[in-house]
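The next part holds the structures, each set out as structure tokens.
In the two assemblies presented below, chain A is common to both, partnered first by chain B and then by chain C.
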Partner chain A sequence: MELLKFMNDQDQQKQNGNILLKIESVSKAFGGVQALWEVSFDLQAGLIKGLIGPNGAGKTTLFNLVTGIFRPDNGQIIFDNQNIQGRQVHDLVNLGIARTFQNVEIFGSMSVAENVMVGQHVRTRSGFWGAITRVPWMVREENNIWNNAMEILSFVGIEDLAHRKSSELPFGWQRLLEIARALASNPKVLLLDEPAAGLNATETRQLGKLLKKIQKKGITLLLVEHDMSLTMEICDRIVVLDQGKKLAEGTPREIQNNASVMAAYLGMGT
Partner chain B sequence: MTQELLQYLFSGITNGAIYAVIAIGFSMLYSSTELINFAHGEFVMLGALSLVTLWGGFGLPLPMAFILSVFGVALTGLVFERLAIRTVRKPDHIVLIIITVGASIFLRGVSMLIWGKDAYSLPAFTDHPPLDLIGARLLPQSIWIVFIALVCAILLHLFFKKTLTGKAMEATAISKKAAWLTGIPSEKMILLAFFFSTGMGAVAGIIIAPITMVSYDMGTMLGLKGFCAAMLGGLGSLWGSILGGLLLGILESFGVGIFSSSLKDAIAFLVLLLILYVRPGGIIMAKDVKRF
Partner chain C sequence: MTRDQISYVIFFAAIVATGLILKNYFYFQLITIIGINTLLALALNMLLGYAGQISLGHAAFYGIGAYTSGILTATYGFNPWMALPCALMLAIVIAVVVGFPTLKLTGYYLGMGTLGFGMIVHIVFREWSSVTGGASGFMGIPPLEIGHVSFFEPRNYFFLVWFVVLLSFILCKRLINSRTGRALKAIHDSENAAKAVGINTRNLKLKIFVFSAALSALAGFLYAHMISFISPESFSFLVSVKIVTMVVIGGMASIWGSLLGASLLTMLPEWLHAFSDFEMVVYGLILMVVMIITPQGLTRGIIEIYERSRSAKAKR
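This part shows the complex of A and B:
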């Protein structure tokens, strides 16, 4: 009986919980430029999905829509069964959407550990009045925040650098720090904007391993990436955008053999 | 001669501590919002006049009157942000700065209606006789002023270094974009900056009240001095503001003592001009200085 119930639960989860993020015919224009046109795809929980396409295909725009920086002109974005249209950026972080940037954006004059501590801000009781009145509680919470930060830093493998000033780190480590800070908000989905840009081959391989490790923790990943070998290696599924439209979707193998994708990338006539 | 110099030093440090507290207010707001609040001096005045009413008028105990005045003025600061700053449709720096100048005139006018044009005076916080140090007189109120200024500076330092909210504010100051997308509600951080900044202004007004005449128009000059101090030390830096304040106070006091008391206010502006020519980032260069 117990077992049956358990199996039922699992079935239920497959039906409801499987789709974490649903992009439904989303369009966005900037002036006369149609950055996205009726793009739809689902992001299944627990998978790594790659978003690829030539420059100007609308990948970063899509990220900016999901993270609440822009509003779509048309269409819906459903995250965790909620329509997230028009929500504030920090509300979305609170719901479990975290991101990193194409050009690393860290708090340069703060230490590595402080960067990750700040990332936990949305997970703490830190309302305006709370900040002024809650002094006695603060200390205990601070300790938790510190321990958490160290745990996350050791997860991404830079715990030795905790006390270093973050602007002094080499670029590759700054990128890891940015991922660590994003993980600190305890996200359900992590959006990575070209995480391998500017990394050398070894660093890229390590990044791939780290992303797999993040996936094993149950965090869903959506990444924009130009490094095809990395994308093909770690992604479970890939969506191809071209000039604001969805061109194809499938497993890495399917994408590699897709004629229209090759046309978009290599400029061959179809 | 030594005792005279020592006397100048004492009065310089006293004034300097007050300039420092005012400068901290300027700096805090600048580092979070890049706004120079030219109404800041009026919050100093409001702090002093609130103390006149609560301590001198209603006869509340001093610590209570102190805290109520600071909170009252800080709340006024929040209202100021909500009504005058937040509502601006196109928040250009120049527009905002002019709004703060307007707010300053407005606050002075309202205070004149409430408290009148007369100047008030308050007794020192404690009525000990002045201490005698090698022939120089040290007023107990001076000790209070330096002590309270130091406590404020240390509390703020701890707030920024030890609490997550403080770090979140610092993060917002470093990179608004990254902080925003890390999930830090920047609007709340700006409100908090206004709260602390105007609260610090009130503290300055309260501690200076017993050694000066308190009136509705006392804020302008104090505000400008605080601004000079902040520029001198490095706008945006806590310890820079303190350094700038003390330095300005001491320079002023020696200038008055050695040359002439009519030079008192000129010294501050001379220092401001010099610093803008020689080292526009201040002694502690906190932020890259942008030229308009």
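This part shows the complex of A and C:
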């Protein structure tokens, strides 16, 4: 039995190939409102995928399902060949799913560097007793945490701010800090909830460059976004949701030329 | 030497100097009580100041430490040093049992939950007369001894308590400046974001609650063997509130703030005896004024005033 299961897994891996995240006919209702209805799509490793749709389309709900905040009523979410249904939020970070928040949730009382240090929580080990006794390996780990933090900050381009209190930063930098903190957990996939919200045009352009840079490091990205110019520019593939259902999926060009997408967005009759 | 290490050395020197210079036994006792209160404030500060979880029932753990050790030594003839681990273990077990369901709550609800727990424990102390001596209190708790050194002598007890305080400061400071400490602060700032960086918030909140309870029980142990007589009123709801006040007045998330808050709240009633009937009125007024002038607690307030005066000088 064990062997059979193992061979099955092997088969599946071959089949999936480079699919990192698989959403399989997922539904979710809140009270009488059907937020999502049988939505399916795959997230191929190494790509940037955009998730767009008008307000109330179910983008945030889907986001919260993948990050473990809600459980789907029906359907499955497979990450890295594991069913992640019912897993705790912090557990998913351990598996390699990192996220940022729409309204930027940084740790305001801490310095910029400390924020990124906390971000490394899942890939460091020292606990209560290690902290109190300060054994050599723990001191070494602490040094590594600091060095990693500085490295990630310079990757994102805010290493000069390392010692500033994070709540005093302008909004745009806080957003970069949040991305840096998410990267610190060494994720396989990074989920961004409207990363361009509240940014001006220059900042949005810089953000786009950063996201491309993150992709080059081999991290898969899924972003929910309102800003069309950003989505069209950086996404490899786009999924369109409308009223809880998947409306279309394709390359940015295909999406732009899709009649039903235009209808949903601009209210034009089909 | 780091800044922390320098402050420990200064603290150590201050303890030794006070112990050698002071002659009056009354002051020794008062300062020893400040030390015990500092431990309590420190214990709660780890939970409230750093992890952001309120407890309005911390006097219960203080009392569990005191009563367990008192009963085991006076009634059952345990050696106090054997009773200490028992008292700590009991506090830890109760903290796990109480903390597991209550720490799911947040904000006001957590306050209510811990408040209820504190009241239940207080009632047990008062009503379980056959074991705890009931409302009239529990007597005959033996003093501590190590070899030939008797801690019945107030000077020795002063040294014992304050070295425990110093040690606890070092341990807590180390804990705060670590992976675990950062995770605690993260929970305080945003529990959602803490989860999103992979912190098992439930587990960690329980751990710090247990740590805090054990430290409070240690303070209870030191209190019981100093006074040799304990009564339920020393562990009532008002005492829990007093510990919270020490933390808030001294400064949340500040180790030295615990010392400052505990000192002020222990000394104030002594200084205010002169006001006799108006003692509590003046006491309340002083606390109000402190909170209005330095809403972030004395430690932050003093640092801010210092920095302002320095920058003012620099401008001139």
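The criterion applied here is as follows: the second predicted complex is superposed on the first by the 242 of 270 C-alpha atoms of A that agree within 3 Å, B and C clash if a C-alpha of one lies under 4 Å from a C-alpha of the other, contacts with A are read in each partner's own complex, and residues count from 1 in each chain.
Following the convention adopted for this analysis, a residue touches a chain if its C-beta (ideal position, glycine included) is under 8 Å from a C-beta of that chain, and two chains touch if they have at least 3 such contacts.
If you're wondering where the values come from, they're calculated on a predicted model, not measured in any experiment.
Upon superposition of the two complexes on chain A, a steric clash is found between chain B and chain C. In the superposition on chain A, contact is made by A:H121 with both chain B and chain C. Of the two partner chains placed around the shared chain by superposition, chain B and chain C are both touched by A:M110.
In the overlay built on the shared chain, the residue A:K28 is in contact with neither chain B nor chain C. Look at A:R237: by the touch rule set out above, it reaches neither chain B nor chain C. Of the two partner chains placed by the overlay, chain B and chain C both lie in contact with A:R99.
Shared interface residues of chain A, touching chain B in one complex and chain C in the other, are 67, 88-90, 93-94, 98-99, 101, 105-110, 114, 117-119, 121-122, 124, 126-128, 130-132, 138, 141-142, 145, 181-182, 185. Chain A meets chain C in the complex at residues 67, 88-90, 93-94, 98-99, 101, 105-110, 114, 117-119, 121-122, 124, 126-128, 130-132, 134, 138, 141-142, 145, 181-182, 184-185. Looking at the complex, you find that chain C touches chain A at residues 171, 174-175, 177-183, 185-186, 188-190, 192-201, 207, 211, 253.
Put simply, chain A touches chain B in their complex at residues 67, 69, 88-90, 92-94, 98-99, 101, 105-110, 114-115, 117-122, 124, 126-128, 130-132, 138, 141-142, 145, 181-182, 185.
By the touch criterion stated above, chain B contacts chain A in their complex at residues 162-165, 167-168, 170-171, 174-175, 177-185, 188, 191-192, 195.
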